[in-house]
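You will see two complexes here that share subunit A, one where it goes with subunit B and one where it goes with subunit C.
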Partner chain A sequence: MKALAVDKSFVERAIGATALVLVALGPLIFRGYFAHTILTQTFWLGIAAASLIFLSAYGGMISLAQTALYGIAAFALGNLVGRGEVKGLHLGYSPWLSVVLAIAITTALGLVFGAVASRSTGIYFLMITLTYAVIVFYFVGQTPLLGGFSGVSGLQDYTPGIVGNPVAHPNRLYYIALVTAVGVYVAIRYVVRTPFGISLMGIRDDPVRMGSLGYNAALHRTLAFTFAAFIASLAGILFGWWNGVVAPDHVGLSATVDLLIVAVIGGLGRIEGAWLGAFTFVVINNYVRGFGFLNNHFFTSLGLDASHFATYIGVIFLLIVLVSPDGLIGLWDRLWSLARRQGGAARSAAAAAGATAPRG
Partner chain B sequence: MRRLNVRKWRLLLPLAALAVASAAIAASSFGATSKVIRLAIMSDCKGAFAGGYELDLGGAQAALAQYAGGKPTNRAKPSDGMTGIKIGGHPVKIVGYGCGNDTVPLAISETKRLMEQLNADVMIGPLSGDEAVAIAHYAQKHPKKTFIIGTAGSQDPTLQIAPKNMFRYHGDGAQWNAGAGVIAYKRLHWRKAAIIMDDYSFGWTSAAGLISDFCGVGGKITKRVFPPLNTTDYAPYIRQLPGPNQVDGYFWVVGGTGTGPSLKAYEQAYGRVDPKKFVGNLFFFFQSGFADVAPRLIGAYYGGFGNAPGLKTRQARQYESTVKKWYGPAKFNVTDSFVYNYYNAAHALVIGLARSKGAVGAKLQAALPRKIRTGYQVSNHGVVKLDSNRQAITDQYPQQIVKGPDGKPAAKVVGFVPSVAQSFGGIFKKTSPPPGRKQPPCVKHKFPWQGHIRAVVNGKITNKIIG
Partner chain C sequence: MKRPAFDWHVVVRRLPLGVALGATAFALVWVLFWAPKTNFGPAIHSPSAFLLTLLDSVTLAGLLFIVASGFSLIFGLMRVVNMAHGSFLLLGGYIAYEMQQWMTNGGGLTVFSSQVSAWEWIVPAIVAAAAIACLGLGVQQLFLRWTMGQDLRQALITIAISVIVADQIIAHFPLESTVEKGSAVNTSWPGSIDRLVNLHVAGVQYSLAKLSMLALGVGVGIALWLWLYRTKTGMIIRAGVDDRQMTSALGLNVQVTFAIAFAVGAALAALGGAVFASYAGVNPTTDGQWLLYSLVVVIVGGLGSIFGTVAGSLLFGLVYNFSVAYLPTTGNNCCGQYPIVFTFALLAFVLAFRPHGIFGRPA
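Right after this comes the complex of A and B.
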């Protein structure tokens, strides 16, 4: 049994390493659109989802504010760095200063949001964070000074030298997003192993007992929310560079739900699910309508041709959640358990038949 | 130990094979290129303007059928596609239809899908204002791609942003409203008015036309109210408007699915609508969610859409019969500017590609016509000119809601405003602030069309001057 447990970990690491090698060679292997749109989006969307999954998996908090937080970072960046675009404040700060300020503003707002929401749990926490999402949507939309409903453009015009022009040199942004995603993954894995992370998990499991032991549950939750806001802000910066424009609808309810879907598809229990969910979401969103078989006579006669792609996307997401409520990561876990059980049964049968096998 | 290693490799080999196969599929199937001219048509199939989707595609494809040999797959449903398009011997393939929802995020992601994933050389579209602003910024970054706006009316794309690879063969929201403010002042005798406008780039641009036109002849705007796009409960915004006894009338610039609910909210707050107290923009006769209020608005004036339903000119009849010829079974209103503007955009593209001998990119952009004959253009011998920002200078037609032959509300053209430019008599410039909540200010101004707006009676342009 011990050997099999090692095997799972080994296989997961091998899959992770293979995936990392593949994406590291991404621009060499894949055509431009797949690398620079599908994969780059996967990286930043995965970072945003990782901020949500971190709160959910280790803090027991399902936040609907993460989209709003990455939107705040993108809006802040656009307003700080812009110089004379049609909409926005046009403060014209240097790109690096704007990045630092955008991250700082988002993290500070995360601290405030977290402090207010930290004493709530369950559905109440969900509702408070939903309120944040709505507040941010209407605030940026109804403040023409910050861009209004048209949003802020020109985020690709004033980037740090290392990023350059994301349209002319998309590989740079690709690798920056990849390195950031890996950094976020490592940072989260590190944080959850620190005393803070362990006590956060304790608070997730039994806040009353942790409180009686002297731990400040609200403070831990607030700090976790702030850390998640910091992660979300990184996604917002990358998103701004990648998309070039940020509008209120990027942080609206639909986008909020999309991020939750990404996290649910990937699996709310493990950080790896963030990028798995993001990749699945982006691929389905981009390629479903290209499925030629949907335009054959059968589907057309039923009125369900490829023009109903949104319905198909919804059905696919529904199927994923129905088949595996804990997401694709959960599906993997269960498939592995199944294989282990079958393997165990086979060994038992072999042992019963008197067969001997060398032990590793 | 040795046995375990063998098992590890057994697991790893299929994984590695899977990864390599995925990479190969991705590399071979994504982003394939072709020698044909690749065309994308972008519209809204979701959101407030989803009703314009088939009309937009039908308009563009009717022109491709008429001038480039395209064959509709299904004359009742343009989105089923078109084959056989050839221009000067060069095949043109419609690689995809964009499906926006009147929001920036989807406009950008759809544009990326069409231009980068499906490798389109040219895009006709989008449908609406904020989408066009976002796509204009996108166009700036992709100078080899060519964009011909479908029917979006925001000012920014061809004035403040104005990328060299973006063209618009119809008016913007302000141009469309030229003359409607004069009618409010001269025919309805308004002197003080309030305005309610959608809080986004098209709403602001459309309102800018009404405000400038009305204030230009001496009117005053006493209150501006701006509900967010896709508002469902308009009561809080209606309450911000002055009561009907405090102003002579209201300019109503609430569009899409908001027109009906906003007017209903007005009736709940201030009683039955009085058509003499309302002047709208093109959405005033937009039917969605509006059927029950429309009969009470018979007699109200509104700014046009660059179209002229019922205009009795040879060019107008020719245009209308052409669209009916190709998409008659679709039974859409061919006079609708969703059809008309996309038709003209596609027609211009055919001319441009013929001149560029099938070349795309900069050559096509140089070859796209700066003058084009369109159905409802009368002045300048029926030819629409583009200005230096590649924006159309076109005739406009203020309209009125009347009772149709079937007793239902119908549109009637009442005025002819010749050759309205985007600069709007010089008040809108590249350096001036784009239309917004407070832009433009309400100031008296002499516009070129003041004193030259001619009445249209029974579809014929008369010599009678309005005002």
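Right after this comes the complex of A and C.
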């Protein structure tokens, strides 16, 4: 039976390894814009989406607070490292200390957020985390002390030595983001294999039974959310260096929805989907804006010219949710099983001469 | 009979309630007797300021109820979290504005309320509600009817719709070519209610328009209650909330009821939009703001319950206004963030001891 069918996970690993080799050589083979704008953004956006997908796939929690959490990390970083010329608190700490503190602050807030939401599940959890997202947006916007509505800027000037100025040395940030992304992927794959990860999945599937077995469901959800906040904070640090500026708009409702769109495009069931979705989103976002044929009177009068790009993203998002709720990964899974079923059908026709035909 | 030893579990279990009561008591004492460095000072020194804040809270709660009851109605019956509720509200607000402009020949400028008759406010509100009811009906029939029961997928669908609607609003509204697209607009209250009335309590003069808004909220609440508890459709809706399959198995057409309830919920959002356009004006960020408000009200009050929505609206209105008025105002780094922080605190408090909200039940 197995001889004919190629092992699916083998194919996936081959594709993954090829992609990894390609991006590892990225700056050598791609144009600078593609490597430093598209791919670096894919890496950090994918990390943020991975934190969302981790919660969704293994904890059964769809969190809309991940954008807010990475925004908190970036805001904290900006306020901690900044000196006089940037807005915010300009505490002027050393870059490494600031990075560690920003991650710690975000993770601690993740613990608080997670604890408050931990007894809610499903759609309630989604709503509560959306509330966090909007609350963080208004809080950073309305607190002039922390940067206020224009946010904090100049983050690229206060990076650790190994990063350097991302504008002058974009390759360094590229590789740091790549390594972090791979590290996050490995860490998540590791965590879900630990006893904690296994019991988290048990709580996802049947919280009542796990509760009666003595597992504390709320505590597991809280800790999972805290871990996801830690991952999101890494994305926030990379985002801060990459973008140089963090403003309330970067954590607003549309940014929150964008991250959800990234995760849904990739697929909420598997971690790999995070970077697949991020890449798809970033490519569409960067290139469709330049589609000149949209900029004529007809499209403008309909409100469909290239500046109304959000409409196109919304329609694509809607189509994906309607057609393949598991995103591109789900589409791949389905295509694969379809192909295998057809192959299986041919085999069972051949075997039909024998005894009972096996099902494909 | 020996009394059992001191039981820590009881203490831990009752801790949230104790903390909530303590915080409420502290807030009361603070507002009534203490409140240093605030704009008004404690309530016993300045009862009129206290009364004004209270009226602001209750009238805001009226508007909150109009919007959030639509959200709660849709969720209670269909388990659909309508993330496009804010976008429906915003579109409703712009439609009401355009209608009022058209009726009063405003030409893109805000009309004075003295030039607005009662009908020139009521008709735009009704037109907005009807238009959004149709839009909601279309969305429900096209996208939500066949995805019934997949609540997260439906939430994602409504998020996609909200993205599209919000972006198309910026593309088209306001319709006047003299005004930049995506500008903030506001409608005007009718002249007959846009004035202050003397309440003869502590010499307070208060806006009749805001009191009318409260009356409208109460009216909507009573109408909803009569509809849900005194008519056959309402009975079917309540039966559907409790057990959708059983209701359907009894031969009642649940799909028609779903469609009606969704249209009514969307219409309430648009009505809220029409009111808010006069209360504070609408702009392209209003949708996110009101999605937050609706979420907080129904999460605090409990989803799918009229009384929960009333309680949530009142609590949110009180916290929102009192946190601005009765907290110290020091320096210029102040006050904008207070309502947000306290909204979060309210949410955390309620969820700590009622994970499904005050009047909510597990789904």
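Methods note: the second predicted complex is superposed on the first by the 318 of 360 C-alpha atoms of A that agree within 3 Å, B and C clash if a C-alpha of one lies under 4 Å from a C-alpha of the other, contacts with A are read in each partner's own complex, and residues count from 1 in each chain.
Simple rule for what comes next: contacts are C-beta pairs under 8 Å (C-beta built on N, C-alpha and C of every residue); 3 or more make two chains touch, one makes a residue touch a chain.
What you are looking at is a predicted structure, and each value in this text was computed from that prediction instead of being measured.
> So in the superposed three-chain picture, is A:Ala310 touching just subunit B, just subunit C, both, or none of them (first/second/both/neither)?
both
> Just to be sure I read the superposition right, which of the two partners does A:Ala14 touch: subunit B = first, subunit C = second, or both, or neither?
Once the two structures are laid over each other on A, A:Ala14 reaches subunit B alone.
> Let me test your reading of the model: by the given contact rule, A:Leu260 touches which partner, first (subunit B), second (subunit C), both or neither?
So A:Leu260 only meets subunit C here.
> I'd like to know which partner A:Ser153 touches here: subunit B for first, subunit C for second, both or neither.
Touch status of A:Ser153: first partner only.
> In the overlay, answer first, second, both or neither for which of subunit B and subunit C A:Phe30 touches.
first
> Can A:Ile103 be said to touch subunit B (first), subunit C (second), both, or neither?
A:Ile103 contacts neither subunit B nor subunit C.
> Who does A:Leu318 touch here: subunit B (first), subunit C (second), both, or neither?
So A:Leu318 only meets subunit C here.
> So, A:Met127: does it touch subunit B (first), subunit C (second), both, or neither?
Once the two structures are laid over each other on A, A:Met127 reaches subunit C alone.
> Name the contact category of A:Leu77: first (subunit B only), second (subunit C only), both, or neither.
neither
> Need the overlap of the two footprints on subunit A, from subunit B and from subunit C, as residue ranges.
138, 141-142, 144, 252, 310
> List the residues on subunit C that touch subunit A in their complex, please.
79, 81, 83, 143, 150-153, 155-157, 159-164, 166-168, 170-172, 287-289, 291-292, 295-296, 298-299, 303, 332-333, 336-337, 340-341, 343-344, 347-348, 351-352, 355-356, 363
> Give every residue of subunit A touching subunit C within the complex, in rising order.
It comes out as residues 62, 116-117, 119-120, 122-124, 126-128, 130-132, 134-135, 137-139, 141-145, 252-254, 257, 260, 264, 303-304, 308, 310-311, 313-315, 317-318, 321-322, 325.
> Mind pulling up the subunit A residues that touch subunit B in the complex?
Listed in rising order, the residues are 3, 7, 10-11, 14-15, 18-19, 22, 29-34, 36-37, 86-87, 138, 141-142, 144, 148-151, 153-154, 156, 165, 167, 243-245, 247, 249-250, 252, 255, 285-286, 307, 309-310, 357-358, 360.
> Mind pulling up the subunit B residues that touch subunit A in the complex?
It is residues 1-4, 7-8, 11-12, 15-16, 19, 22-23, 26-27, 30-31, 45-46, 79, 99, 103-106, 108-109, 112-113, 116-117, 130, 133-134, 137-138, 141-142, 154, 156, 160-161, 199-201, 228-229, 434, 436-437 of subunit B that touch subunit A.
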